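Report on the following structure.
Just so it is clear, A, B, C and D label the chains in written order, and each chain counts residues from 1 on its own.
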Amino acid sequence: MTDPLALLGDWLLNLLAQLNLPPGLRQVILYLLGVSVIATVALVITIFNTWLERKIAARIQDRLGPNRVGPWGLLQPIADAIKMLTKEDTTPAAADKVAYNIAPILAVVSVLLIWAVIPFTSQWFGTQLNVAVLYIAAVGSFGVLAVLMAGWSSNNKYALLGAFRAVSQLISYEVPLFLSLLIPVLLARSMDISVIVEKQATLLEMYVVAAPLAALLFFISSVAEVGRTPFDLLEAESEIVAGYHIEYSGFKFGMFQAGEFMHTFTIAALTALLFLGGWQGPGVAQAPILGLFYFMGKSFAVYFVTMWMRSTLPRIRIDHMQALNWKILVPIALTLLMLTPIVDYFTKDLGVLFSAFGGALTLSWRFAALLLTNILVTLAAIEAVRRNAKRNFVERSRFPERPVARPPREEAA
Amino acid sequence: MHNSWLFIGIFILVAGVFPALPIILFHIFGPKRQTPEKLETYECGMETVGQTWVQFKVQYYIYALIFLVFDVEIIFLYPWAVAFDKLPLLGVAAGVLFIFLLADGLWYAWQKGALEWS
Amino acid sequence: MVPISWYLIWAAALFSIGLFGVLSRKNAVAILMGVELMLNAVNINLVAFWRYLDVRAIAGQAFAVMVFAVAAAEVAVGLALVISVYRRRQTVAADEIDLLKW
Amino acid sequence: MTPDQILFIVTALISTLAAVMVVSRRNMVHAALFLVLTLFGVAVAFVLLEAPFLAVVQVLVYIGAIAILMIFAVMLTRNVTDDSGDPFNKNARVGGLAALFVFSLLVVMFGGWSQFTAYPQAGDTSGSIVQLGVALTAADGYVIAFEVASMLLLGALVGAIFVVWPRQNENE
């Protein structure tokens, strides 16, 4: 099976060769095309996802969702964009003009840049970096900066307060995020995402088998990083003034929104790549293009979970949000990170534990030991949380009874 | 290697243009009927009172502080994880000790009550 | 190819600007920013020499990573001191914080 | 001029100008944002020097953490007199002279240097992350420095929390 994109690339190369350009410039043009394609794909997926998300949320809540514009409401996102264009472009008089206008752009850039290192199949990817995992983490810090800039430059107390809360949430959850990212890097001995995917060749070699807890930590902290339900306290539209983007309107506000939607799918894709084997699947070696379907299937499966969470879970309280991070996620991640290298070091040469279906299901001693470690850490963590909750409950029951408002007793006349 | 960074560089430019373009178009074609009142800051229907730079509680700084320390320590661990296959037992132990010291810092902050959102 | 002297001169410029910031800014946070500039200038030099000498001798990179750690520690403690002083004396001007001179 | 050189000059110019803004802006948030620009320029320089690990770490640590901490500190230490009045102290002239003196001295020292105009031939940096990881934890490498860095950061964390933590008798 020939790769259609490779054919297209060859044709383009030939076309460029006929133009007699210097080789450096030719490369730049080729890169420019590739970059535009990737960025467009990311945006198109995002636009489609806004529709998908509304549709699925509607189904979960027993509604129909958008169904007027186009077949099944598919053109709804375009109608939304046109609506946004007719809004007024305002910059508050007291705002810091430059920072105010750069912030929404930076918010999208910080997400879009992640797509440069995402491999769609074994052949289709933007580029291979040997520091890709850290690159993803680094790019995310522009998002934090964008939030802070937006909140500060709006010159609005609520925006600034929202930005502070948002930033403290973002940076807090970056700690378990980075710690759990370290585990696939440790297992693959590489920061290159393509290498990490290649190492997860069969079903039981996926890192979700060897490090299920790390996968869970990564998923939870990235959802918090995006600021989606149940971690959407920075927006909380039903309770408080909108967060750092309160002064934004029209397309500038739309950019924050688009960045959030894109980020949600991006974290789903990253979870699929780092823990679920990305483009790996049966028959990929013969026809690499199949990898695209596997990758997209896994990404949308994870994305569906985020949508599911969004339509079912209630919002977390801010002190609980911080406590969940610092008192549960980070200690678990640190424990896991201390045990994983030790177990890995002593079991890496032990070989295969069992093999079935002609090698399609192969579990090595190493992965079995790691899985066992994960299960033990999970059980220990659950027990610790349970005991703590029990102690807190006992302490709370020792409080004096709180005054309760009672209806005035009817006096005998 | 150089080339993949050229790709990233071009990506940064294009990624900047992608969101900037609709915003600029919007700025040109979007309606603009602005009055001084409209451009005022909106704070819950009241006129703005006092300075915008209200002071924040120190808790925000403490979270940022713990984050900074963890951030720097974690980046030390990435080359260690990549080089894991080439490490002797001592090297592995050094990394684990490093993580243990990191956990110590968290433990101190916890005991001190710095992790409470009050 | 960029000669190493370009990197060195650029680093010297950043270092001098940082030095100026440290010596002459009033705001204590600005002084810390000056220190950051100086540390970055040092880092540029370390990495440049690593690259132009022998890439197999990793000392330059290892030192640069250590400088990151030192910079982070310096900022964390420095800013904590600034905030603490601010809460007692309501000022961040370095020349007004002169209690230890007595 | 080669593309490398053009890229270097553009980066160096932008980040040097941004550095000048850092030390001269009166508005501290602006100074911090210009600091971010300067530090990003340094990250680009690390990419040019083929040290991608340090480049991403530069962005992660300086822009993602240190700059954010700086902005937080600026917000926390807001003073009414900050935006007005002289941002420089009375040493400004001496400081300027000293900086100029150091700079000219260094330029005189390095300007005429004709060595090291190109990367050495035997230079493949793709394995430098593995080398760094091995060297950081090797007994004949930097394992002491590695652990001391951890202790230093632990000390910084403990010290900073201790210093900044509000005491009971303070809120009167």
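Criterion: a residue touches a chain if its C-beta (ideal position, glycine included) is under 8 Å from a C-beta of that chain, and two chains touch if they have at least 3 such contacts.
Model, not experiment: these values are computed from the prediction.
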{"item": "Of B-C and B-D, pair with higher C-beta contact tally", "value": "B-D"}
{"item": "Rounded Å distance between subunit B and subunit D, as computed from the means of their C-alpha atoms", "value": "17"}
{"item": "Subunit B-subunit C separation of Cα centroids, rounded to whole Å", "value": "21"}
{"item": "Between subunit A and subunit C, centroid-to-centroid distance (C-alpha), Å", "value": "34"}
{"item": "Separation of subunit C from subunit D, taking each centre as the mean of its C-alpha atoms, in whole Å", "value": "6"}
{"item": "Overlap residues in subunit A, where contacts from two or more other chains coincide", "value": "129-130, 134-135, 160, 164, 167, 171, 174, 191"}
{"item": "Contacts with two or more other chains, residues of subunit B listed in rising order", "value": "1, 53, 56, 58, 60-61, 64-69, 71-72, 75-76, 78, 81-84, 92, 95, 102, 109"}
{"item": "Subunit D: positions in contact with at least two other chains", "value": "50, 52-53, 57, 60-61, 64-66, 68-69, 72-73, 75-76, 125-126, 129, 131-132, 136, 149, 153, 156-157, 160-161, 164, 166"}
{"item": "Which pairs of chains touch, using the document's own definition", "value": "A-B, A-D, B-C, B-D, C-D"}
{"item": "Residues on subunit B engaged by subunit A in the complex (per definition of touch)", "value": "1, 3-4, 6-8, 10-12, 14-16, 18-20, 22-23, 25-27, 29-34, 36, 38-44, 48, 52-54, 56, 59-60, 63-64, 66-67, 70-71, 74-75, 77-78, 81-85, 89, 92, 95-96, 99-100, 102-103, 106, 109-110, 115-118"}
{"item": "Partner subunit B, residues of subunit A touching it in the complex", "value": "27-28, 31-32, 34-36, 38-39, 43, 84-94, 101, 104-105, 107-109, 112-113, 116, 126-130, 133-135, 154-158, 160-161, 164, 167-168, 171-172, 174-175, 178-179, 182, 185-186, 189-191, 241, 246-247, 250-252, 254-255, 258-259, 318-319, 322-323, 326-327, 330-331, 334-335, 337-338, 341-342, 344-345"}
{"item": "List of subunit B residues in touch with subunit D within their complex", "value": "1-2, 5, 51, 53, 55-56, 58, 60-62, 64-69, 71-73, 75-76, 78-84, 86-88, 90-92, 94-95, 97-98, 101-102, 104-105, 108-109, 112, 114"}
{"item": "Interface residues, subunit C side, partner subunit B - complex", "value": "65, 68-69, 72-73, 75-76, 79-80, 83, 87"}
{"item": "Residues on subunit D engaged by subunit B in the complex (per definition of touch)", "value": "47, 50, 52-53, 57, 60-61, 64-66, 68-69, 72-73, 75-76, 78, 80, 125-126, 129-134, 136-139, 143, 146-147, 149-151, 153-154, 156-158, 160-162, 164-166"}
